[in-house]
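Labels for the chains are A, B, C and D, by order of writing; each one numbers its residues from 1.
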Amino acid sequence: MNRKLRMGMIGGGKDAFIGAIHRIAANMDGLIELVAGALSINNEVAVESGKMLFLDPERTYLDFKTMLQKEAAMPADKRLDFVTIVTPNFAHFEPAMMALDLGFNVVIEKPITFSLEEAKQLQAKVEATGLTLLLTHTYTGYPMVKQARQMVKDGALGKIRKVWVEYPQGWLSKLSEREGNAQAAWRTDPKKSGKAGAMGDIGTHAANLAEYISGAKIEKLCADLNIMVPGRALDDDGAVLLRFDNGAAGVLMASQVAAGEENALKIRIYGEKGGLEWAQHEPNTLLVKWLDKPTEIYRAGGGYSFQSSYMTHNTRTPGGHPEGYLEAFGNLYRNFAQTLAAKIDGVQPAPESLDFPGVADGVRGMAFIDNVVRSSQSDAKWTNFEI
Amino acid sequence: MNRKLRMGMIGGGKDAFIGAIHRIAANMDGLIELVAGALSINNEVAVESGKMLFLDPERTYLDFKTMLQKEAAMPADKRLDFVTIVTPNFAHFEPAMMALDLGFNVVIEKPITFSLEEAKQLQAKVEATGLTLLLTHTYTGYPMVKQARQMVKDGALGKIRKVWVEYPQGWLSKLSEREGNAQAAWRTDPKKSGKAGAMGDIGTHAANLAEYISGAKIEKLCADLNIMVPGRALDDDGAVLLRFDNGAAGVLMASQVAAGEENALKIRIYGEKGGLEWAQHEPNTLLVKWLDKPTEIYRAGGGYSFQSSYMTHNTRTPGGHPEGYLEAFGNLYRNFAQTLAAKIDGVQPAPESLDFPGVADGVRGMAFIDNVVRSSQSDAKWTNFEI
Amino acid sequence: MNRKLRMGMIGGGKDAFIGAIHRIAANMDGLIELVAGALSINNEVAVESGKMLFLDPERTYLDFKTMLQKEAAMPADKRLDFVTIVTPNFAHFEPAMMALDLGFNVVIEKPITFSLEEAKQLQAKVEATGLTLLLTHTYTGYPMVKQARQMVKDGALGKIRKVWVEYPQGWLSKLSEREGNAQAAWRTDPKKSGKAGAMGDIGTHAANLAEYISGAKIEKLCADLNIMVPGRALDDDGAVLLRFDNGAAGVLMASQVAAGEENALKIRIYGEKGGLEWAQHEPNTLLVKWLDKPTEIYRAGGGYSFQSSYMTHNTRTPGGHPEGYLEAFGNLYRNFAQTLAAKIDGVQPAPESLDFPGVADGVRGMAFIDNVVRSSQSDAKWTNFEI
Amino acid sequence: MNRKLRMGMIGGGKDAFIGAIHRIAANMDGLIELVAGALSINNEVAVESGKMLFLDPERTYLDFKTMLQKEAAMPADKRLDFVTIVTPNFAHFEPAMMALDLGFNVVIEKPITFSLEEAKQLQAKVEATGLTLLLTHTYTGYPMVKQARQMVKDGALGKIRKVWVEYPQGWLSKLSEREGNAQAAWRTDPKKSGKAGAMGDIGTHAANLAEYISGAKIEKLCADLNIMVPGRALDDDGAVLLRFDNGAAGVLMASQVAAGEENALKIRIYGEKGGLEWAQHEPNTLLVKWLDKPTEIYRAGGGYSFQSSYMTHNTRTPGGHPEGYLEAFGNLYRNFAQTLAAKIDGVQPAPESLDFPGVADGVRGMAFIDNVVRSSQSDAKWTNFEI
């Protein structure tokens, strides 16, 4: 590959939180350049945002359809390689389908679509087109999450018995959606967010992380979803008992009314021989616990001979130079970019580059939401995980 | 009170773990002296243990019945004030009933009895005799647990919404009961331990702590108990969804197969305005989290003007001199001793002294075991908490 | 500003550690594009590195002089805005002087030059040209370092009495310079590194951080430098007693033979009313300690009303999304870029943008090295800090 | 031994901090009983304190001389085995000498005497009488300090290169000695405390700990003592550069004006192969760092096969049941009691029992104070450590 990949962005105008994150993640490694955008449904915002990002005015579009059509018509040496979709949940499906139809690879912020049905259609489309889709489940981009997954895979812990994953946040402790908080407004609105609130927004991250590290799939579950703040329309809190297909038992806890918590995603996994503990607040550390010897503190970039190549591949600095959320996000983009570049060059991507979340993770995430909501409404203890 | 209180001990011969703990706890503050014991059902061990403890050979008994009868017949200035029962679960009830009948106050290691039915009978007996019973739910003796309870009571957090309590241990990760581990053997034996394994041994501690700090009572629950180590006869792992009588939702997790964990009891409670976090591994710290200001690190003995008198009463040293498990245990004995001394002196004990776990906690603990086991066997999601 | 700033790089070819860091830092926020480079003194490496970075072959130079001359001759809408110098210490001065002479702004990796004398000449040149120089003392780019500095400045801690700063690393615990470690080789070579080893490499960071947060200047010092690994040519360990111009006392500890430590820069500052603690390993947390109330955990992006604008300006994400070393580095570049852009646009940069380390910090850093080495060789306890 | 050891106490009346600590430490393990006391120079306090402690009124003395004489005249089966001296520093020497002369073993709170000269005389007396003296340097009683010492001794870290020990407290940040704080008053009074303030009170603990764990002796030092609070008569802050007899370099920092710190004694030791870190605030954890593998978290009572018998001997509970300051203090008393009991029984004490601080540690502590004060007053960088 002798050039940067060309990215277009749908959504993510100035003041949009997640769009800015995607741009930093895409910029970081110098493999991608943002060259076009349909950045807002508000024309003025779209234009201003394009200026702010130094976009060519000709490639600053007022709607995504125009962008996709015009870009598709451009010559190969100018045309977008992929589009990133960072609109609210309900507005993912249409641009994603259209982009794929027009031959663009796609990056989508999670959750992948508004409904499980849409997710399945998108999966079929991805498979039919042979194009590549990145779903930005950020947390699987952390180097020590890679290390953890690899250690489980290698059998270091023996058979996995327990998975405890928790995701407390406190930012919805008040009825902020009625107090002018735009983030809170759309995330608690069933028409924009989907069937679930906290379980969709953060519970899906927790479930994805649990399955990613453990290598096991949720088989049945028992959910208790709550609306803790009176007047709210969607769950802001919940807990789910889990059973995995390898026989492990688990608990998933997600809450957006855990007052005083920031973004405290944490996972613990126990096997016959030992356990792992990883927390997003201190992401460069992985605690490795053993039955009969001291707990070990694995560190990102640690330089131990027994570390995973998946960890080192996703680390930019030596141990002691903390990398964080943006680098984890950047790892998703970097692996995606390496994979696209390899496809363009006609070579096989490295296995480490191929390790990023895709459309299948998106389908499982939407199914998780569906199954959790169904279980929560049921009097039966267990609900089978169905797709 | 112008003398130490006189204690007799049932069980707790040399090599018994918990008996030694009780003695340290009772010794620590110079308010109690051990003067008699029926320390083992093995005569030789009983005699040797008595010597080791410098007991008068005449008050080193070979069985508890003899001890209780002989001591009851002694003059008031020599007779025991109370007996401590540290036998396995199934052997608590008989000596406790007999001791109360003979006029002795009682200390019992938890769980209080073998069955809920026994616990209720014991409660009736305590009420009928007017004697005092201490149930050694150690963890409520920690100063920062007192602080936490008081902050909830004072409304510092607003209405309580969430309770997460967890108790991971790893020591039963192997089938140790078949490998000569005596502790493991009786604790996993339904005939000695009762209906539940891990849920009885440590789940009850977690439930007790949750109710103690939150001030709310479990109203219904949904339990998932597991036997993770093949060949074991009782649950070694479990999780329970909880609903409290104040509307709060909760999760209780207890496992003895969390490989690599020591004794990691931890609780988090969230209300409308803030949250609390306390972990037994670092017991002198209480994290106090707020919606809109930095988390505060409350420390035992901290000397802040707004600290609870229940915390300071249960602290022996200024901040920075870590007190631990034995001091928490000692606090139970000290409060019990202060209460007995006040009763003997005919005065009203201080409210701080009266704050120790008693027979009502024991009954709730046994009911917790019953309800959890019942729920675990049920296909229905929720089981009402019945006593 | 309606375009990205144009950067050229001197040094930093493939496999060079710090060059890659500079590029990530410069890329991150989409304000800068790398358009030219004299990336290596090895021609082949220079060319390959240019390709890898997708540079125009015409702007991939084989030596920095050619680059500076050719770029200086380019039209204004194509010419570099600044050059970044990431060669070893001894090769900073010449390209920096030449760049300034030709009208380019400059970024230099620290320590700024090989000797104090060079640093002073460079300072005179910067002042004479009116151009802008960024010295990449990374650690002052962390948001919680900004917060700490501001709290001291605002008098929150009262008069500052104590500064403890420490910087342990373990990577030179063996004689790695003889075992093919290129980093170790040049850093322990007096001809390439300068008068000091560990004190120059990391001691200067510690001193810079101490002065930056405390707002006080080192006035005299007492240094003890050691060579702990036999056969090494420069100090690999040291401690320095400090006196500041405001009367505070301090200790600075820097070691590269602290076996098992990664990059554990940490600072504690105490005043009459309270103290601060910040550690690079967990950079998003600032502990704020008080005489008579609980320690507070300030967090980056925390959203408290009393936080510093300097902190928020240097944060990209809300609390709980850990930012790290690369973001701190990126903050230096972002502030530098905002300052350059404002100068180009003829407007006044924001005070927060102007807050980045410059040539004066470089001079003080070189003086620190000189004074520490002089003190270490002296039998007198105190050595005055002279520039 | 078929009885408890009999203790008398000099000083330590009600409201005295350290006397109460000694009693808890002595009580804890049921090996010692307090039977006599000269608890205060205030007669009323002496009598009341005796009552509070349930002492026989006949053995509640009004001055220590009477106590020692009367107790010395008692029959062997009633006479004290040892006396504990917990008066302020200046009032240690006289009762200690008299007690030894009359055949009593002695426990003394540190620092051992008011001056180095007294300490040497006391040492000669101990040697002449063959009696046993325990100096309560509490921090060497912690199990993980024992573990650390043993690991250094066994060569696990290789040759020791660095020792960093720090002891920050904040309780003298104000001029509390003028505000009715009795502790502050005598500790900052040269007539009661001795030549040094913070360096005597806590610096000696730090020095003792450093020598105890490293197994090396301080050979020369460079001290900087400060009075940070205007109006104070003794140092409240200081730092000392150290050189040990094995070639290691060190830094000792002690401050009582580190506002917001409690009692944060911490030590780090680095050798060729790895490092150790122990902090009194979390005493059950010892971090063991390695050049080329992950840091290990050793835990008290951890049950690893490679743990030191000195650690397990000084632990009462299995891992995860935090033991603290009082248990560390209790370990000193327990080892002292086991040693006395063995001497009484005419057998050899176990090496683990013999491992408690004695008069030689006291002499080194007084010499440390002398040398530090001398160095602080000198313009020369290094002062030889002389006894």
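Note that a contact is a pair of C-beta atoms (placed from the backbone, for glycine too) under 8 Å apart; a residue touches a chain by one contact, two chains touch by 3 or more.
These are the chains along with the protein names UniProt gives them: A, B, C, D = Gfo/Idh/MocA family oxidoreductase.
What you see is a predicted model, and the numbers here were worked out from it, not measured in a lab.
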Chains in contact with subunit B and also with subunit D, listed by label, are A, C
Weigh B-C against C-D on C-beta contact pairs and write down the one with more. C-D
Farthest chain from subunit A by C-alpha centroid distance is chain D
Between subunit C and subunit A, distance of the C-alpha-averaged centres to the nearest whole Å: 34
Find the geometric centre of each of subunit C and subunit D from their Cα atoms only, then give the gap between the two centres in Å, rounded to an integer. 44
From the mean C-alpha coordinate of subunit B to that of subunit C, what's the distance rounded to whole Å? 55
Which residues of subunit D are in contact with two or more other chains? 261, 288, 295, 299, 302
So with touch defined the way it is at the top, what topology do the chains form here? Options are line, ring, star, complete, other. complete
In the complex, subunit D residues that touch subunit B: 2-4, 17, 20-21, 23-24, 27-30, 34, 51, 53-54, 169, 261-264, 280-284, 299, 302, 316-327
Interface with subunit C, subunit D side, in the complex: residues 157, 161-162, 164, 166, 168, 170, 173-174, 222, 224, 226, 228, 237, 239, 241, 249, 251, 253, 255, 257-261, 268, 270-275, 288-291, 295, 378-382
Considering only the defined contacts, which subunit B positions touch subunit C in the complex? 288, 292-299, 302-305
